[in-house]
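A, B, C and D label the chains in the order they appear, each numbered from 1.
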Amino acid sequence: MDPHAPAPVRVLIWHEHRHEKINPRVADLYPDGMHEAIAAALRLDPRLRVETATLDDPNHGITADRLADTDVIVWWGHMAHHEVNDDAVDLVTRAVWDGTGAVFLHSAHFAKPFKRLMGTGCDLKWREAGDKEILWVTRPGHPLVDGIDDHIVLPHEEMYGEFFDVPEPDETVMISSFSGGEVFRSLMTWTRGAGRVAYFRPGHETYPTYHDPQVLRVIRNACHWAATRPTPPVQRFGKHDVGWMDAG
Amino acid sequence: MDPHAPAPVRVLIWHEHRHEKINPRVADLYPDGMHEAIAAALRLDPRLRVETATLDDPNHGITADRLADTDVIVWWGHMAHHEVNDDAVDLVTRAVWDGTGAVFLHSAHFAKPFKRLMGTGCDLKWREAGDKEILWVTRPGHPLVDGIDDHIVLPHEEMYGEFFDVPEPDETVMISSFSGGEVFRSLMTWTRGAGRVAYFRPGHETYPTYHDPQVLRVIRNACHWAATRPTPPVQRFGKHDVGWMDAG
Amino acid sequence: MDPHAPAPVRVLIWHEHRHEKINPRVADLYPDGMHEAIAAALRLDPRLRVETATLDDPNHGITADRLADTDVIVWWGHMAHHEVNDDAVDLVTRAVWDGTGAVFLHSAHFAKPFKRLMGTGCDLKWREAGDKEILWVTRPGHPLVDGIDDHIVLPHEEMYGEFFDVPEPDETVMISSFSGGEVFRSLMTWTRGAGRVAYFRPGHETYPTYHDPQVLRVIRNACHWAATRPTPPVQRFGKHDVGWMDAG
Amino acid sequence: MDPHAPAPVRVLIWHEHRHEKINPRVADLYPDGMHEAIAAALRLDPRLRVETATLDDPNHGITADRLADTDVIVWWGHMAHHEVNDDAVDLVTRAVWDGTGAVFLHSAHFAKPFKRLMGTGCDLKWREAGDKEILWVTRPGHPLVDGIDDHIVLPHEEMYGEFFDVPEPDETVMISSFSGGEVFRSLMTWTRGAGRVAYFRPGHETYPTYHDPQVLRVIRNACHWAATRPTPPVQRFGKHDVGWMDAG
């Protein structure tokens, strides 16, 4: 190994991992779970160190120590958002404020940490009808779409439609159209404290979306983009007795 | 007239007015020009005072005095952007900086004052094939979409597609999809100095778009939204000899 | 009364109202409470209808019915943030998402509804030393600073200093300097759902800040600016079985 | 040299370089010019490749070939903005749109390429009185302030005060206070096309500001932050005959 290479980005993929256990269609597509499909793709990048955690792990696999060893957390959830312990939500939220990146995928628009970070209801329109989805790049040159041409086509996906009730984003990087005529801002960014937050739409469990090389490329890009290690660590001061104007 | 009513918003609709003179299809749709079709609709609102000006008027109908008597300028241009005198562009740009609102329609994405205010190239994809367009509201409750449900359908329009090379907007209020599958941020806002700027996509000259009541409603909304009369007038100071900390 | 006048903006001033009961200095400055000092000033504006509520009212004076009859809520709290019932916080948050404006004053940076809407920690530096504060306008012409010159001077105030841990705002309208040399973004805006949110810094309870005509003018401006009555009401759709592209 | 290291960021420091030739005070502080003082500091970073150019070079040292070999341009100008050739301004502006980063220093707030990119007047208040300046970090953890504590003190600088007439920035990263009580947003970012743009306030020619290690650190950070090499190159499409919805 090259001793001069920068330390790899420490990625933690968190997955609810329930659909695979009850729906044979999902189990067929993702025999080891969607998290392991994503992890396998990310592990091809030597600049990433990739771990996974799931809802049914002790403490959901989320502890203060583990988050302190994490640069970016990738999150997928859907049918069991309500089972996520509020202490875990607190830990993740505070980690983001201190600089840990967070990438929320698809139905994680209703995940507790995402809603906490957004401060809005996060509702949207949806339809499960195998719509064709085309994701268009609205910020060419952005690190999140490195290596992506001007659009990505997914033959079949769940439809998500506007109004998507999130705060006006820092950046709108991709927008989707669907066969039914709907549109959706499908790749957006925000900052919360020192932490970079991205939402990326595709990934319904009954489609092979996380085997699509371009979708995986965007997720990989997001891990690099969201990784910041604030130097010095973010300080929150509170009481402050001395003015600087005289103190120098 | 009610003596207590607020003064009406002074709107100036500026139109290139060339297509109507050379293309019978356009002349049929807009016998008095697109500017007069829009003006007729806006004049139904007693809170607006509506005037028009065209490229072929003396000084293009743009003088410092007239702009001083204008709260919002609405702009349509296409085939003759290059004929617009740079002095007129300067006047319009400076009026916006001082608080005059500006609403750019359709092919005015390449109008000189729009490009000057954006600071970008303002390119986009386009196709004249009579695509169906659906405009989706992404900011319900915004004054620009007052009275508009969650979407507008236009049976036939020119397609505009992303990447639309404008700066990240303050607000993305509507996004369009087209039959061909493209998407476009079709109603956006920015601020330049004290002036509010909006871009609204629909309005290709060969379609009856400016007879559509919902399109006209958005333009009317935009006139009210963009009208600000800064009080006090915007001051630009330059040299400043005395510090306030001691002067009180 | 003029039958053609627009309906007045319905303002609800919510105040913790505790300091006045235990600190004679505060009681001297605000014998009826800070909320009544602000209310008295706002009531001079016939376009506002002003009510008040306090922490010790039944349900803190916050019910679904009352919020349905409110366009803008103004909030001051400090020593008893933790006593605010979570149900009331839910009601206020959801009202904002549906279009009710919210204006948070001074120490309300740590109020539960503000933190919920921001999604961040909302920490800041502070010092009680009677610093002189100068608030500078960074967005002349903005409705929030209508009638305000380029700066406001407050002879003595509590110091608040950056880093103020809030999301990048939609607009930074005023920035303060303090005698000690610190700075603070003291008037900012965000949007959450259809609701406009503003934070305005001044107002420590031991100073006569809410007797300052310019501070009161900004609060009055904020009530007008934050009042939107979304038409149609904001719809959140969820499941959506039919695509529009064919349905027209 | 490590064969696996990423290619260094190619920085071009552009300097007007006139004050040094006519003002002995400036010549004393910067015997080789401010550009060479900055360049010397940046050259200590092996991940940067640093070149310089000045107004009096042939074509101001700006050609299409040179810009194609540049990732980030750093710009200082003051007394001779008007001497910069419009062709050079066009070249720089278009390079930014295609992804070249641009860092404007101090009096470059009135530089032609900055004004072109902003679309506003870029006026500000100023005073030459040796004010003490304190720059406060408002976005801890941002790459632009890597290695910077919560504030930087400069004993003497020219005062710049708000209102600074630039568009609402993507990010406000530092805000300055001055002895006279003024404030100024002194480190801000925007995006224009694929290019990242930063403005950094300090650097009046009669003070040793560009010998301050923390100021130099911010400029070095800005070079790394602004360097993007869009992959694929930014495409601007124009006419687009085929819809993707059917074409796949």
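The definition used in the following text is that contacts are C-beta pairs under 8 Å (C-beta built on N, C-alpha and C of every residue); 3 or more make two chains touch, one makes a residue touch a chain.
Since the structure is predicted, the reported quantities are computational estimates derived from the model, not experimental observations.
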Maximum centroid distance from chain D, chain identifier (CA atoms): C
Pair joined by more contacting C-beta pairs (B-C or B-D): B-D
Rounded Å distance between chain B and chain D, as computed from the means of their C-alpha atoms: 32
Inter-chain centre distance, chain C versus chain D - centres from mean C-alpha coordinates, in Å: 37
Residues within chain C bordering two or more other chains: 132, 134, 139-140, 150, 161, 163, 168, 170-171, 177-179, 181-182, 191, 193, 234-235, 237, 244-245
Contacting residues of chain D [partner chain A, same complex]: 2, 4-5, 99, 132, 134, 139-143, 146-147, 149-151, 153, 155, 170-171, 177, 179, 191, 193-195, 228, 230-232, 234-235, 237, 244-245, 248
Chain A-touching residues of chain B, taken from the complex the two chains share: 132, 134, 136-140, 150, 161-164, 168, 170-172, 175-178, 181-183, 185
Residues of chain D that touch chain B when the two form their complex: 94, 97, 116-121, 123-127, 129, 131, 159, 161, 163, 165, 167-168, 170, 178-182, 190-193, 234-246
